[in-house]
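The letters A, B, C, D and E name the chains in turn, as written, and every chain counts its residues from 1.
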Amino acid sequence: MTLLLDLILGLAVVGVAVWTLAVRENFPAVIGFVAYGLLLALVWVRLGAVDVALTEAALGAGATGVILLFAVVRLRGGRAEIDAATPGPRQRLAAGILCGVVGLALAVAVLSLPDPAPSQAAAVARHLPELGVANPITGVLMAYRGLDTLLEAVVLVFAVLAIWSMAPDRRWGAVPGPVFPVQSNGPLSLLARLLPPIGIVVGIYIAWVGADAPGGKFQGGTILAAMGILAWVAGLWRLPPVASRGLRWAVVAGPLAFIGVGLLGFVFADGFLSYPPAIAKPLILLIEAAMTLSVAAALVLMVAGPPEGRRA
Amino acid sequence: MTLLAHLLLLATILAPLGLLATAVTAQGRLRLPALLVYAPLPGLAAALIAGPAPPLVIYADWLRLSLDLDAPGALLLGVAALLWSAAGAYASAYLPGATRFAGWWLLTLAGSLGVFIAGDLVTFYFAFALVSLAAYGLVVQDATRRARRAGAIYLALAVLGEVFLLFAFALLAVSIPGQSLAIADAVAALPNSLVRNETILLLLLGFGLKAGLVPLHVWLPLAHPAAPMPASAVLSGAIIKAGIIGLIRFLPFEGGIAGWGLALGVLGFLTAFYGVALGITQRNPKTILAYSSVSQMGVVMAALGFGLAAGDAATPLDAARYASHHVLAKGALFLGVGVALATGARRAAWIMAPVLLLVLSFGGLPLTGGALAKEATKAQLGAGVLGWLSALSAAGTTMLMLHFADRLRAGLAETPEASAPPGLILPFAVMTAGALLLPWWLYPAAVKFWPALWPVLLGALGFLALRNWGGRLPRWPEGDVLIFAERAAARVAPPLAERASRIEATLRAWPSAGLALLVLALLLGLAMAVAA
Amino acid sequence: MSTLLTLFSGIAIAAGVVFFLAGTVALLRFPDPLSRLHALTKADSLGLGLIVLGLLPWAGGWFAALKLILVWLLVLLAGATATQLIAERLRGEDPPP
Amino acid sequence: MEATPGGFLLVLILVAPVTGLLIGFAQGGRAAERIALWAAPLGVTMAMVLLAGVLHAQAPIVAFVGGWAPPLGLALRADGLAAAMLMTTAVIIAAITLFARADYTTLPGAPEARAPLAFWCFLLALWAALNAAFLGGDLFNLFVALEMLTFGALALACLDGRATQFKAELRYLLFALIGSVFYLLGTALLYGAYGTLDILLLSRTARSDAPTIVAASLMTVGLLGKMALFPLHLWLPAAHAGAPPAASALLSGLVVKASYVLLLRLWFWVMPAALLLAVAPILALLGAAAILFGSLVALRQARLKLLVAYSTVAQIGYLFLMFPLVAGSAAEVAERAWTGGALQAISHAFAKAAMFLAAGVIARGMGHDRIAGLHGAARVAPLSVLAFGLAGLSLMGIPPSGGFTAKWLLLQSALYAGQWWWALVIVAGGLLTGGYVFRVLSAAMRAPSPDFMPAAPVDARQERVALGLAIISVVLGLLPLAAFGLVLIGR
Amino acid sequence: MIYGLVASALVALGLYGLVTQPALLRKVLAFNLLGGGVFLLFGVVAARGGDPVPQALVITGIVVAFAATALALVLVLRLFQITGAATIAEDETRR
């Protein structure tokens, strides 16, 4: 029975993907992509990776969907240029065949993976209690592969600065992204007033619960960011200008906290990013909180894009 | 004694470079042209007394740089230093203010003398590169369009020569068993190295290009006339000998590669007669001299070739003797051309007499340096057919040189009373005396009268014939073969480069790049699947 | 007792699914966008309510049940707002950007 | 597999630029500049200490992040090659910091501007990414470092905000993303097959089965795409030519080398020898094609910066000639080829950085970078033309330069290994390089038209920096061969 | 096992889209499809051994992919605002 379910789900995902590529108009393609993201989240649940399902739904489908929608709205026309640049049927056929063969090779490789799948699950489980954290994925993210997470947080900060640096010089210092008119009434302002409080509670809860159950800083951060974007779109909350020091410290707080605690590891424990066993959990939670704040701030700024308004 | 010898060897290269260093300060730069005459003196001294000293080894740990002087090297170093010094004095008078020219001059001088005393591969390559590349500065000194074209062609072929040599030296370094890079070990290891033929071919190409072997001589008739007078003198006199010393040092004369010797000999004679054939069609005296250099170098290489074929160990010294005479005589002639162009008809006799004597000595007139030079290569080129060939080439050379004298007389200054400044005449006089007398001191030998004389007479007869019916000879452009090569290249090169950039442009279109990526992935996958 | 419970949730979920089907059919069949929109939101929110109702007994403990209801309420809120916005957009009033 | 003493130094080298970036970004333009100025000498000293440590220990310095051993945790490994590349990176970035002070400085009172803040932050970020790429011991960790490198390079190149540059950078980003996706696919397969992503552990257990082959081909092509080896070079010329001088020097000199080091890690550590033997000729063929096509197209370029960019495409080819020479031959020849390849990477980094900086100064001084119109450049920016010439010498491989020693080593190992055709390619490449360098120099040396006026004053300090880098690239040739034994440690 | 095939199919589709779709927005879309496929492959590998490490890698990967998408879209928008170009076809020949 479950095989049938997996089959249907798999076919649905591939079907939506094909439809997203095939459809001519951009807008339906983006809608298709959001659907694809959500179906993929379902697949992750089927694969037993709830953490990743949360991330995929929040980031992969939600946030990416939002920025794609923003882009679709602004990117009009250019149809003639696109048609001119479309490769000829022969090239498309060749590309199709080659991509097919690559996919096939991939499938063969996956199918011929060794049967007793080599896994780190046991090792992670054995070392987990030292960290005082129950969720293995958070353990891996925060401790065992801490450097990956640190570098990735820095990539987020870096992406924000890269996006800001795309703005024309005269716009520097202004408010990031377009400024939406304040909506005194109407459904959007209702939603923008009602949902954020609940959203913030849920976001913080998910970030908090990440230590022991599926959840974590990225998922929590994304939800907080979503609430921020909702309020910003409804015009209720004006983003602080690019030059404001508070905003920048918010974006930078997470990775800096991570490095700070990591360096402390030299003093108390036996190396960078290692936690003294006694106070491992509070330290991890401290870092998680700072990271959630940073991730939320970074995501809002990334969705907002480079400063376009007048100087604040 | 050996310490003094070593110091002199070092000074031979470092003196010119040191002098160049003084050019950093402004007034140092002004005095530079005047000091050109002194730069080669340490080289001259080294040639005289450093002969028997053991090789000087520097920086011994991983790279053995060594300077060494054997008999042929000393001989050539001495005469070259003399020519450089005379030409230097000539240049100070001829181009007083040219500081940049003096800079290039000193660089080329350091390289030219360094080539004779280099004892290992790296120093030799460094000196050879220095003399080849720095001479470009001398060629383009006049900054006319013709000079720049000649310079560009010279540089292109010089770099090509460098590349051949780099390749050959890499092969040699590979075949030397130990870590050492000394030339002696390289030559010893050459006959039985597994890449023997390729190495020798590359050596011949590299040094042949420098010395003007037939197909590779094309830059010579372009570069020498384009350079100012003193530069032409050293170009034709001393710098061309870098190729000869290269052949002397790197070819194993104890035998083992007879076939190559024969090939070199035949090519040498071919070059000799080709030089003469082209020379007589030229009008400009400097171009005739350039072709004469090609021809003379042909004779030297023929001697080297047949000596190599016969496995005669004395060949290097004999060839060096012949070449040293050429250094002196050709240098003197070039300086003479400069002096002649500046003197009027009335005073011409003072100049034409020594020029005529030099011209005849080229043909091997008895009692002159030329005869002694021909005598020196008797061992290699004396017997049977070779004897006839060398005699014929002597006749041809005489005819060519007389043609040169005739063209020179036509080119004298208009105003009869004009006379060249002493600064030009003195070096010319010194060089002429050197050309006629030095051989007697360096390699005295009894010269049988008649076998040396009849080629000269035959040559004179040929010249007379040339004077009357010369008009009908075809007017060949300078650098003959090169012109056709350039036209052919003009047809082939652009389409090739055009096609290459078109392919490259198509690859830069997005879909084709994506396809290339995928094809590459599959290619690698297949290659590995086949191997595993 | 448990069989009664499973029976009840089975019926509730089936009803929910029926409503979802009705909403989708309405989406495809109805002529003008406004009516389609109206039908869709009505059917889906009711359908979801029924499914949540059906799942309540299975949810592990009170806390999880509350969370399920919270989910339903949020979907209701979001659905209503979205429908309002699209409706305004369709009728051409001063639509938000 | 155990951590050696001195591991904290590796972490310090990695964390210092990251902390600098974060604080600089938060504190604003002027702070970022001051931090970068302080970070440059600090970085060079740290790299020197690491170099000394590796040389002294004659073995790689290993550090476990967080104290967890590799199958579970991440390892940072500084072997000879990594130490040499770190040293090169530190010196070049210090030089670029000096060079860029004239362009991107914010005066004490002045309000913060976009370009200076962005430049200094991206410089520190690129530095951190390069250090992470050279030191990384885990394939996924290297992926994150590569991504950071790609974003940094992209942002730096777009600093001028010109439209053509946005198009060029988009082509770069999308192609680099395809590359990183391929790399990720390979990583997933390797993890599936072996349960770990640590390079040393993989090198012990690698087999020649289907997943490894597919992973190897995907990862190799991904890295070739990010390195712009010949058939996949569509983004490099436009991206590197259009970038500001300081950025293009960094891009062409160092960023390309990070993917190269990864490729070396992949093929000479992780993959079994049988696969290497199968793939090495193909890679070398691509390298040869890169040298010939790149140089031919460079010869025909009308603009100076595009010529230098195509020269990068050509010079990258040399790096790949090393593969068949190290793979198929005796130990002694393999070591010589390996040293040659590493030295070519290092000397090209210095030479290309000097060339781009010099080209930038010349272009600013003359107002344009059309090669035909470069008459009198030698008078406007004499030191830059000299730097360009010296760097050209090193690229051509004329005796005293680092390029010469690298090409000499590759030449000899090609002949020792009996594969003389690679030697032919090296020599042909040298000739073609000579062609386009001579073309630029002869145009620059020619006397200007009488009514010639330089477009903008040239900053003498910037010229000296370019000349300094060119001299280092030449002096590299004079270092005794024993110094390059460093690159062999931990091979 | 099925999801392994699904992942491969998604990768093939994403690649096809990225290589042939001329419109920039569609290319970014295709890249996200491709990213989804790749991370699904990680998921399949994780599911085989019930291993948390690949799942952590996927989370990191998704965030990096999001950053890349955001950057790409900003570039596309800026390019469109300045030149109105919607593709990266090589228009002027590089002479």
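Descriptive notes on the structure:
One rule holds in what follows: contacts are C-beta pairs under 8 Å (C-beta built on N, C-alpha and C of every residue); 3 or more make two chains touch, one makes a residue touch a chain.
Everything numeric here is computed off the predicted structure, so don't read it as measured data.
Counted as hops between touching chains, the shortest connection from chain B to chain D is 1. The chains in contact with chain A and with chain C alike: there are none.
If you tally contacting C-beta pairs for each pair of chains, A-E comes out on top.
Of all chains present, the one whose mean CA position sits nearest the global mean of protein CA atoms is D.
Using the average of C-alpha coordinates as each chain's centre, C ends up farthest from chain D.
With every chain reduced to the mean of its CA atoms, the largest distance from chain E is reached by B. Between chain A and chain D, the centres computed from C-alpha atoms are 31 Å apart. We define each chain's centre as the mean of its Cα atoms; on that basis chain A and chain B are separated by 72 Å. Inter-chain spacing, taken between the CA centroids of chain D and chain E, is 26 Å.
Look at where the CA atoms of chain B average out and do the same for chain C: the two points lie 97 Å apart.
In chain D, the residues that reach two or more other chains under the touch definition are 72, 140, 144, 147, 151, 154, 158, 166, 171, 178, 185, 189, 192, 195, 209, 213-214, 218, 237. Looking at chain B, residues 508-511, 514-515, 518, 521-522, 525 sit in touch with two or more other chains. Each chain pair that touches appears in this list: A-B, A-C, A-D, A-E, B-D, B-E, D-E.
By the touch rule above, chain D contacts chain E in their complex via residues 72, 140, 144, 147, 151, 154, 158, 163, 166-167, 169-171, 173-174, 177-178, 181, 184-185, 187-189, 191-192, 195, 237-238, 302, 306. Of all residues in chain B, those touching chain A in their complex are 510-512, 514-515, 518-519, 521-522, 525. By the touch criterion given at the top, residues 505, 508-511, 514-515, 518 of chain B touch chain E in their complex. Within the complex, the chain E residues that touch chain D are 11, 14-15, 18, 24, 27, 31, 34-35, 38, 41-42, 44-45, 48-49, 51, 53-54, 57, 60-61, 64, 67-68, 71-72, 75-76, 78-79, 82-83, 85, 88, 94-95.
Of all residues in chain D, only 171, 175, 178, 182, 208-209, 213-214, 216-218, 220-221, 224-225, 231-234, 237, 274-275, 277-279, 282, 286, 292-293, 296-297, 299-300, 398-400, 408, 411-412, 415-416, 420, 423, 427, 430-431, 434, 438, 442, 480-482 touch chain B in the complex they form.
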